[in-house]
Amino acid sequence: MAAYLARRLVGLALVLLVVCAVTFAIFYLLPSDPALQACGKSCTTERIDMLHEQMGLDKPVWQQFADYIGGIAGGRTIGTGELAVRCDFPCLGFSYQTNRPVWDLLLDRLPTTVSIAAGAAILWLLAGLSTGIVSALRKGSFLDRSLMAATLTAASLPVFFTGLMALYLVVQVAEWLPFPSYVALADDPAGWAQNLILPWTVLALLYAALYARLSRSSMIETLAEPYVRTARAKGLPERTVVVKHGLRSALTPIVTVFGMDVGTLLGGAIITESVFGLPGIGQLTMDAINKSDQPVVMGVALLSAFFITFFNVLVDLFYAVIDPKVRYA
Amino acid sequence: MTLLEVTGLSKTFRKGKIRAVDGISLTVQAGDTLGLVGESGCGKSTTGRMLMRLLEPSAGRIIFDGKDITRLGARQLRPLRRDIQMIFQDPFSSLNPRHTVGEIIGTPLKILRPEANVRKTVQEILERVGLAPEHAGRYPHQFSGGQAQRIGIARALVVRPRLIVADEPVSALDVSIQAQIINLMSDLRRDLGLSYIFIAHDLAVVRHVCQRIAVMYLGRVVEIGDREQIYATPAHPYTSALLSAVPIPHPVAERARKRMVLQGDPPSPANPPAGCAFSPRCPKAASRCHAERPALTEVAGRLVACHFPETA
Amino acid sequence: MTTLVTGTAVEAVPTTSWRRLTARIWADRGARVGLAIVVLFVLLAILAPVISAMTGNGPNDFHEDKINKALGGPPLGAFGGISSEHWLGVEPVNGRDLLARILYGARVSLLISLLATAVSVVIGTLLGLVAGFFGGWLDAAISRVMDLVLSFPSLIFMIALVSVLPSGDRMLLLILVIGFFGWPYIGRIVRGQTISIRHREFVEAARAGGQGNVRILLREVLPNLLAPILVYTALSIPANIGTEAALSFLGIGVEPPTPSWGQMLQKAMSWYQVDPMFFVIPGTCLFLTVLAFTLLGDAMRDALDPKGSH
Amino acid sequence: MSLLEVSGLRVTFPGDVCAVDGLSFTLERGKTLGIVGESGSGKSVTSLAIMGLHRDATVSGSIRVDGIQVVGAPQDQVRRLRGRRMAMIFQDPLSSLHPAYTVGEQIAEAYRLHFGASRKAARVRAADMLAQVGIPEPRRRLADYPHQFSGGMRQRVMIAMALACEPELLIADEPTTALDVTVQAQILELIARLQQEIGLAVLMITHDLGVVARIADEVLIMYAGAAAEQGPAIPVFTRAQHPYTRGLLNCLPRLDGDAQSPLIPIQGSPPSLLNPPAGCRFHPRCTERTSELPCATERPAWRIASRGHHAACHLLEANR
Amino acid sequence: MIKIPLIAAGAALAVGLAACGTDPAPESKGHGGKGGTLTVLATADFAHLDPAQNWTMRDVLFGGRTLYRTLTAYAAAPGAEGTKVLPDIAAELGKPTDGNKTWTYKLRPGIKFEDGSAVTSKDIKYGIERIFSAELQEGAGYLRDMLVGGDKYQGPYKDANGLASIETPDASTIVFKLVKPTADLDYVLALPTSAPVPKAKDTGVQYDNAVFSSGPYKIEKYDRGKELILVRNPHWDAATDPIRKALPDRIEMKQGLSAATIEQRLIADQGPDQTAVAWSGLSAASMPRVLSDPKVKARYIAEPSICTRMLAFNTSKAPFDNLKARQAVAFGLSRESYRTAHGGEAVADFASSYMPPSMTAGVKNNAFQAPPDGDVAKAKQLLAEAGKPDGFEITLTTTSSDTGKAEAEAVQSSLARIGVKVKIHTVDPSVYYSTIGTPASQDELVFDGWCADWPNGASFIPQKFDGRNIQPKGNQNRSQLNDAAINARVDEILAMTDPIAAQKAWGELDTKVVALMPVIPLVWDKMPLLFGSKVTGAFGHPIWQGEIDYAAVSVA
């Protein structure tokens, strides 16, 4: 188990390294020179050279890359001379735009994104699973058919469409809610929830629909398993059969997808954040890309890849816990 | 005439950790039918696939018709494919659902016997296995299990092989169909002068098809001999146990039988017992059996690998 | 957007002929509705120049008399300026005909998503087949690459790539980028199916019949994968329509003045309070198309996988 | 009163597939009834109907377990019978055991439910059961998962689970088909031993006439959803009345027959239940049918051949 | 100057316009007294607050009105009055000697930093020296070129000896030695680069996060991208400051809000939002809601700015090496369509010359007179005269922002009327200026813009139209016009020592350049701003972008 965990963590590090390298490569191809932007209007060749040196851009790519990786592992000193800045672990460099450590920027934005993702995830799990299970148990009934028609519709609605629709109908026409703006949970829990309820609902609607479809088919498949028949043959009450013997196995594919989705969302619910104007990781990403703020883009890409792979590892560990075959392998 | 001679054939998996087949030697004479019997995991199917060169042998030699075919490359294998063909266990799994019967039978014909008139030959062979020529245009799922197995047989026969490896050809079929296929195979052998290697777990089936029987246990042949000898006077305790475990469909006779019920399960090839592989389950096992592996030696007109063979 | 496709592992169900399959799909009412919508939009996209000529409004013609310039350019008249001349109203600021833009936008959205799907299906099928069939180090290598691509935050990379690469042919770029990030999904499915088919006896039978690897792959294995590939294709088209729209929505779609639905929605975002029709119309088109392809894909999957929802 | 009385059982699946059509039989306490048939003959459908486990199918007729009607009874009532008074084991023990729970948990579950036993008592009971079915080191193995057992051991676990609540009726649906012959012999022996010890009635469902010959007191031969022949084992095997029974016995490769002479196969294939033949369902494959008899038009009724030995064949009437 | 403002479209594509500078500027009614909290709602953080680096229009105004004082500064008044430069730290405007090559300033007594220490001439000198260091290059760089020895000096971090051409004979006197004569130093010193920075408090690039105040407010909390909280600097003395009223006790800037949120909140005008002002200009899409509701419209100002938007021809190659072709396009273009795409009449006035009225003493120069929708007949005739009666095909560079695309589409659509086919080339905002600033690869048409750094043609004409300033990279003369007569006239005017005469001369030169039509003047920007109902004294300052003047605003 420990060896397995270690192997997975090494794999995670390797994936992040590759993500890093690819991001680096992409921005190395970038036509714009960050020094040119930082240089301002009255820019001379010498000043550009100076900035290159200051930003470390005069070194060969591989060395820039090595410095970067080294910085993540143990911090590093950026720049030379009197104005050299110490960038502590985990050093993702400084933003070209604001000169702030990228790590701080990420930490700043993370609460927003986590708030959006966590709230939406809870909502969609509850709604999606219960819909899926009810549908599976009443397979073929009118209820099942109506629920599935509804989920099919919801699954076909892109977030930016439902988002605008919600803003228009709920905020503009009905005036039930104020226009969402992020309030920290610690500052004002009620305001936090009130502001996020719309993004949560909109995001959860799509995912809940997908999860309802997934959990329905997974549940139907499990309920057809011979061991469920065995449980019934033992005379167990239907509820025990469904929950203890059916649901437990049916959850496996849902957990897989859930891990992937949450991992991806934590890397920035880009669309949701941009529709509702919430200052999360996704907005940071868009800003950074639009302003060619390479260190920030690198940081965001790494963070997202970290979340995705980390949640994959979590899912695998979860399997190890629930599936004895993995545990004893 | 010796058609096939196998010596020391072995197959290991997972870098040698699992010895699925462990140095077996067999010969098949022209016109002969050899039954390869054993329980699941004994290596009989692996052996069949090595003979077909569908699996690469890890060690040993296969000589077909005087020619060493153990290491032939893909191109050199073609002529061999014409001589050795295979019939598979699951009639549906062995027929590509996306091809018509005509294509299924015609494809090997086109590749291996390009000189033949495909359409005519396919129709002839269909009739020969008891199907109608117009069946050539249909897809496998339109046939019953027994018919599908006939298609499988037709595909093997169409290139006019001399040896057929049949891997459990009737075990997936309904009881009432098994006899049809067994009879068909017997007829074909007689009419076409074929040789069979007939792989099966069911001793009763093998008895009806084969003249020679090889009993396998954990990757090795433990007893090999003529049908009459093996069934009437099994020398290896495992052969006896196998025979006694097969129930006879007659209540009086069955209940009167003296039965020898083995304890435990067949061992795993990943973790073989020391000495004689059968020793942990063998009622006659002595200390020597746990230490020393018996060689295949001749006892009463057949070969047996046992320190204490039955010599009735 | 990806969850729509994951988890839909469709078994290669052999015992069905294509004809029976189409009959079974046709029997599904959802599939018929889906097909009708798809055909409608494809026809509209193809006939865009004809319809546009009929109404006399090109997709890039300004109609500044149809907007209120004093107020910053909202369309004049109710419902976004719907009138006998402009059936779906006009765009704020420049008064371009929404119908014409929707039709031409359908061309872009459908073309990009279809071709991107084709790209990922081709790459995914090829690599999945090779990985599954040959196994060994080849499989290990391809599988690692697939894992890797899947661990990439794809939307971020798509945006970064499209904005960094020279804006030669945006459409081609979008197709390639969307296609590239989609192939591992189908690659995995094809690989899994290939592994299960590789161990089927008919593959051994083909080898015993003298067929070589390439021939076995193409003639024996591939035809049995067509069903899951088709289902996957049908289900990933809506996902790619969504992705294309999302990218356009985030501002990295095709070059102006070429319209696409996502781009229209992006423009509409700042106008939603004043001119809701501007987002409702492209949004509805997007929704209907995604729904239609999903219905079709679902019906195909159900037809192929009897233990599914029937 | 017999322990199990089935009469006029009819099981219909959606799409008008009548898998069992008018089946009647009884099983006495402590006896073994073997139901023999090929795939699609309706034997497994019958067993599930007795257990009340059909969910999509329509079951009609009457099934009484110790006088209690199962057909049409409230789910809860049938549920209380299941596991407690009648238990079942299945063909594939691996997929029939839940992969994520220990065998101890799975055996104890029903015991706790039906007897209201404590966790600890149920554990003791589970260990006892494992010992009883011949699993070495039962206490330690309680904590193991199904995948850690061999095929034969798994089937023993299934049996332990089935018998934990001391049922009177055990339904065994092809319990040895997935097992090797040597292991099959062990399991058959185990079932026979347990039957003797507890006085269990066993309904053995199998396609293997040999297995039935070994352990059954009574035999029921099924063909295409209906009974062809029924009676005590010895007369059914030695004086088979139905052409299908005779055909089966003749076409079977056997260890005690003549190896040289060819087998006598039954021609054709079993019919589809979607569209079964009219009249006697066996008549298209029957070599003994004659045009004088209504084989093709009329379903044959039960005819008594000897005491307790019946067959459904028009020939029997004609020969009388 | 120009950082993000003009074409480059950051989140806040701001910008105001130039109405006739003589019109009384709109202003919110009444005046609140001292006290209260003013909230500023912003989408993003400042680019820089560090005076050495602060060169983004709104940020310049904000920093100079709240956190630091400069030697000179503009009056806190709307309209033409606001374009007057006044002494701030200096007791009076500069005294030029040596043919305008030496400028001497006397400091006002009693000006203190936030820790109570006095502001001395050394602090100002040090502040200016900082802009010479490689790390702090983003601010206004004029002094780097104007001061003697500026081309060699490496800044205080590398060269502790300081720059000799800034002399501080005593704590209250500072003398600048210039390379060339100039009449405009008072204007140049109104830029943030002349703000005092005590050496002890300098933290290099990190000074951005902790500016040491010499102004009426000091930083209480600065969480970049989230909020900036300013409280009173107790050591600031109103008596020493004739410009800043500094009425609110506290200024809270909330950053990282979406533009939609800000607009929505200000339109709704509820609770604390009643004392809030918008930092960014209203988006075009919000205009209908603001303008159609009189109550909201009363809280709306759109002040002309010092910014001109233009469409530059690449005169170095065909077809625009031909004056007639340029004029044809200038007349064929519908500036009306362009302006609608840009945000409508609320955010821009049609430009009739390059320099906005705020730069020409409030007088509008009618050098370019084309109907808003263009003159298609005249354009076609000009095309024929140019020898291209059937038009031609050209490429237009624009940013990939929403507005950038819409503007390009408007140009494309209106030029199609005269047979000129326009291909649109979108460029990411971040690389827009480096793309169009590279003459070698410049497209035939590019959107361009200019916001002057002081209200005088010296901050406009030489940079944009002097052919000797064409650079291979980072070029500002986007038309690549190189006309000997124009170049010579630029030198003559720069040499003038009389500011009034110079201003008049620049205006005349503007008209001459229009005749050559290297660039089409499109619009003068206005900054459309919304503020809460309890905000008083809000007006857009004419210098910079028409942003609300934080020196005068108050809350009721």
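Odds and ends about this structure:
Order as written gives the chain letters A, B, C, D and E; numbering starts at 1 within each chain.
Convention: a contact is a pair of C-beta atoms (placed from the backbone, for glycine too) under 8 Å apart; a residue touches a chain by one contact, two chains touch by 3 or more.
Everything quoted here is computed from the prediction, not taken from an experiment.
The minimum number of touch steps separating chain A from chain C is 1. By the document's definition of touch, common neighbours of chain A and chain B comprise C, D. The chain pair A-E and the chain pair A-D differ in C-beta contact count, and the higher one is A-E.
Averaging Cα coordinates per chain places chain B and chain C 51 Å apart. With centres set at the average Cα position, the gap from chain B to chain E is 91 Å.
We define each chain's centre as the mean of its Cα atoms; on that basis chain B and chain D are separated by 31 Å. Shared interface positions of chain A, defined as residues touching 2 or more other chains, are 31, 290. Among the residues of chain E, those in touch with two or more other chains are 260, 428.
Touching of two or more other chains is recorded for residues 163, 251, 273 of chain C. The complete set of chain-chain contacts reads A-C, A-D, A-E, B-C, B-D, C-E.
Contacts from chain C toward chain B in the complex involve residues 14-17, 200-202, 204-212, 219-220, 223-224, 226.
The touching residues of chain B, when paired with chain C in their complex, are 49, 52, 54, 74, 77-78, 81-82, 84-86, 88-90, 92-99, 107-108, 111-112, 139-141, 152, 155-156, 159.
On the chain A side of its complex with chain E, the touching residues are 31-33, 36-43, 47, 50-51, 54, 79, 81-83, 85, 97-100, 105, 108, 171, 178-182, 276-279, 287, 290-292. Remark: chain D residues 38-39, 150-153, 180-186, 188-189, 207-214, 216, 233-234, 237-238, 247-249, 251-256, 259, 262-267, 269-270, 285 touch chain B in the complex.
By the touch criterion stated above, chain D contacts chain A in their complex at residues 51, 53, 75, 79-84, 87-88, 90, 92, 95-100, 102, 109-110, 113-114, 145, 147-148, 158, 161-162.
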